[in-house]
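Each chain gets a letter, A, B, C and D, in the order it is written, and its residues are counted from 1.
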């Protein structure tokens, strides 16, 4: 089958023939119908994340935001069968640790990231295996098409968990969103749909324009001066209730915390770059005296899909709005390379394999 | 009247005669019966906290942990009268901002710190004024004596709010306490009394010994090596559920975050020193991937005294256990100076004026 | 001045001249600009609620949902002055009990209901006094007009508190609303605006039609058969997450609980009639085995107005949509009498005095 | 093997020989080492609960609070093997519904009650089968012995979940416990250990005496007059924060709600008798006006055992204190019969088979 393989960090992915996967007893094989392309793919491709022990090896098939159809079923799998329409969250849990038993694969003590680890080849391929498939596969409602589902993960679902669960977003909250890539635009749409009031921050006008279309109450162009946090605070009547770093560089993280009012909550979603290597200097005395919260947020618990599907089914959330272009597997290498400049608007989704 | 005045940063306080205060319309005057001595007094005396705009001016009467008896009442005060036994939390709220209206003077948008601001002379004196007295004074139950109440604030009540509210401590939690000064020992006693399991961390054996007496399940001496966080994690079965930096230096803050298990909560209570000037480098990628929380905690909402008094009344909490020596106003300068070396064990309380 | 007075339970109110009020030291006088008419006025007029010690005495001026302009200020009042635009929630707190100190006048231990107690004459009058005015008056944002504010209270704000706070409504929740009077229609609009999915239940088609206009995902006409709860459950994919009794009779209360899925939450807002006298038989074993919650909900804490005003200011909530007709003080007696048959749709507001 | 069989409702159980069970593919067989005797067994034996569709059929082997050793393993079981020490909660989940996926077998949509359903023979026998064993078995820490574990379930764990989770017990809370059987005594010990202050209510002095030994701050003998709720309120400084009906008759349920202060929480644990048939008249207007909560509570989520085991391991909770007598399988029929008069004090545990 065809797959897009990371042969050398920083060099274009190679689209080539590889063996079709066979299921282990706990696995299913899923034929990919759609898979998003993500800034995390770009990080992996750059060779980032060695500082958290998560550097992706050369030889890896990337792709971690898939939806597809079960094509083969391992002998111990009980709840899935050939032909089932499924999505696979990027955080493959073991199904047995204390977090997994609460339905929180995203916090699994032995999590394996799909498409980002040698033992979990990814979904920029005609098909891919899923470990502990009974636990990790999410069955799709008939009403949700594959591309829409691919648009959900990992960015839309990450933004949903970050706001609904980790920020415990309240109606009426002022929500600053720093960085209007896939996570950021998702966060703006979600915040607006849930009765909160998003303020979009980015350095590119085309992304801020898209943010306004998706429901941003106000926007701040951060390119110009060192006053971003102050501008957000002024727009938010003294300080944001919730602020999210949807990018992952020192500046957006610090601006996000600086945007908060007393007792506000910052949510960190973006992982950092080679510049920060995972370390950012934070204003701890201000955080103490104003009782600010810093909440890390990673993926989304499996048990939260039900709520997300209800919201999409009733039309409250429309993940398709965040989808950018659709493309073919052959175009993945080029699209990934274009992310150097943060030029993509919305979430690109591969739909031809 | 006699008062201990900060005449020059870093030089011994001067105990001398000053004018007896007169109440403004919104104020009462409280005759001091007891007042704790605190690391914050030491910070103020050193001239710290200019980086958060909170440097204490020369000429200041220090002292911010008082209990006493109302001796004069301003004309607009409605709920207090001469002879009332009261405590005064160090964070004097305006009573009207949105936080104050929820009973959270500790988050007041225009808070004035008692004994740490030129417009709020402190309680290392025979008497001191309290602004917005109806709002800020806490009436004492008969069962609580003045020294015990002075032992409560700011450190005991800060530790209580940090654990019960900001960490949302759960029964059975492993709680790492970094730094066994007044806040830290209070945290250990509180955690134990509420069904959690504290692990005490300090560099001095006498403080760890006191921690064990107060209910620490285990102790770690951090003097020896760079493995403190790993030792705590091992004792806590993989990682603490809650960890508190009760001191406020880069090392304790970073160790505290490093002590946490997945989804754990760090609470920052200690304000930093001239070394950090309010900025500490934190491992944000790890905080993101393991969904850690960093919660700033400052003082305690006024509305939480009721619960605290019930716990003390029933004998569940015994703040008197944390009180170190009792002393006279004349001894304040020397005791404050001795804090250079972190030598005091427990909370010293001034009871003679 | 003119006022609508309850002279005899069940007989038409008398609109007549009464003395203009003088402020006590803690009071302000408010000139009424608008005041809603409410089912609670009807209950009071009928002589209900003796079973909870809340029967309204003859001689009472009714009216408890006012907005207006401060026209006189008592000598101890500090934060209000003549000309201030204010709303007055119907639950007048003392400002000093433990609930009031948290900003929860609705839970005050010595609450006085405006317009429903001889010591708090109501707002179906040109002006009315407000006790503990510093505490109880809510200043209006300029953007909110008086009729809109009158439309907010007590029903809209009660519905908001019931859903946002007492039900802890989550995005995507199925919310059954039993009874589409003022509270019920408010609840439907609010649930829809906050990303939840309301199912409206009533016996009248015109009210269900209005519910659909306000965002109901589905409707159930309860007039026909004893299967209301089953119908709601089917529409809600197995059972509602939240269900609210917005009327207050045995049938709506029991239907509401019967509409819930496992772990669902019923919120009781409506007070009962002379039929129930405050007692309803409930299915406690089912509530135990399915871990259902029954939450009483009364008014709204004062500290929640800020969030409500933000939501209205940004256009997320539009209380004006629930307002029915506007009318004059002279028309109050007749409109009140017409409530016998549940014929009013939306909230009638008196705007001429 | 020997087993105690319910041959006719109300007639003594028959201890007799039955076939040793064989495991289905998803099952394990557990050799019983200890099993508690429970009021639920007595209800089942009486033929109660037809009103919730849960009448226990004749021919049933009772016994639903077991701990033991795995003796045989079905072919699809992955995480258990012969010799494993396990406990089995009485609520056997399917492992796949949305509640089960959160680790909440107690809320399973297709729950099967162990020992109370024809398809789940109970543990008053030398051995018994466990469906979906990977999901439902709880591995025992080495430190916990079998009798102690049998003492945990269902009553101790039910009380723990009721207080820690359903009441969200806070330190310092006044907790009224109505009925001092196994659940009630457990609740008293737990509340005391977690920093709350229990008030015990019963009609028997020997049970109140035991309650005092277990940490009750105060006791009320309910035999005498209709003033129980008032007495509790007076002891609790105006009203309990939490109150639990640990018995399940109209009087205890109504007294429990009547014991609460404003914003208090009642937790219903006891299932009703043939007298109530599941229906109890409740004071809904008072519940509305004082914003009371009624929370049903059933069993305990599987994911909560970890916390419970930590608390027992550190000595904070001591379930062995609630164990009454230990006895043999042959004595079960007689002990069960003696429950007619509520004479057993503490939890009797069968330890000889």
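We take it that contacts are C-beta pairs under 8 Å (C-beta built on N, C-alpha and C of every residue); 3 or more make two chains touch, one makes a residue touch a chain.
Everything quoted here is computed from the prediction, not taken from an experiment.
Participant: From chain A, what is the lowest number of touch steps before chain C is reached?
Facilitator: The least step count works out to 1.
Participant: Does B-C or A-B have the larger number of C-beta pairs in contact?
Facilitator: A-B
Participant: Using mean CA coordinates as chain centres, what's the gap between chain A and chain B in Å?
Facilitator: 41
Participant: If you average the CA atoms of chain B and of chain C, how far apart do the two points sit, in angstrom?
Facilitator: 43
Participant: Which chain B residues touch at least two other chains?
Facilitator: Expected reply: no residues.
Participant: Taking the touch rule as given, give the residues of chain A at its contact with chain C in the complex, in rising order.
Facilitator: Chain A residues touching chain C: 164, 170-172, 174, 193-195, 197, 217, 237, 307-308, 310-311, 314, 316-317.
Participant: Sort out for me which residues of chain C touch chain B in the complex.
Facilitator: Going through chain C, the ones touching chain B are 76, 78-79, 96, 98, 101-103, 302-303, 306.
Participant: Quick one: which bits of chain C touch chain D in the complex? Just the residue numbers, please.
Facilitator: 49, 51-52, 99, 106-107, 109, 166, 238, 253, 262-263, 268-272, 276, 278-298
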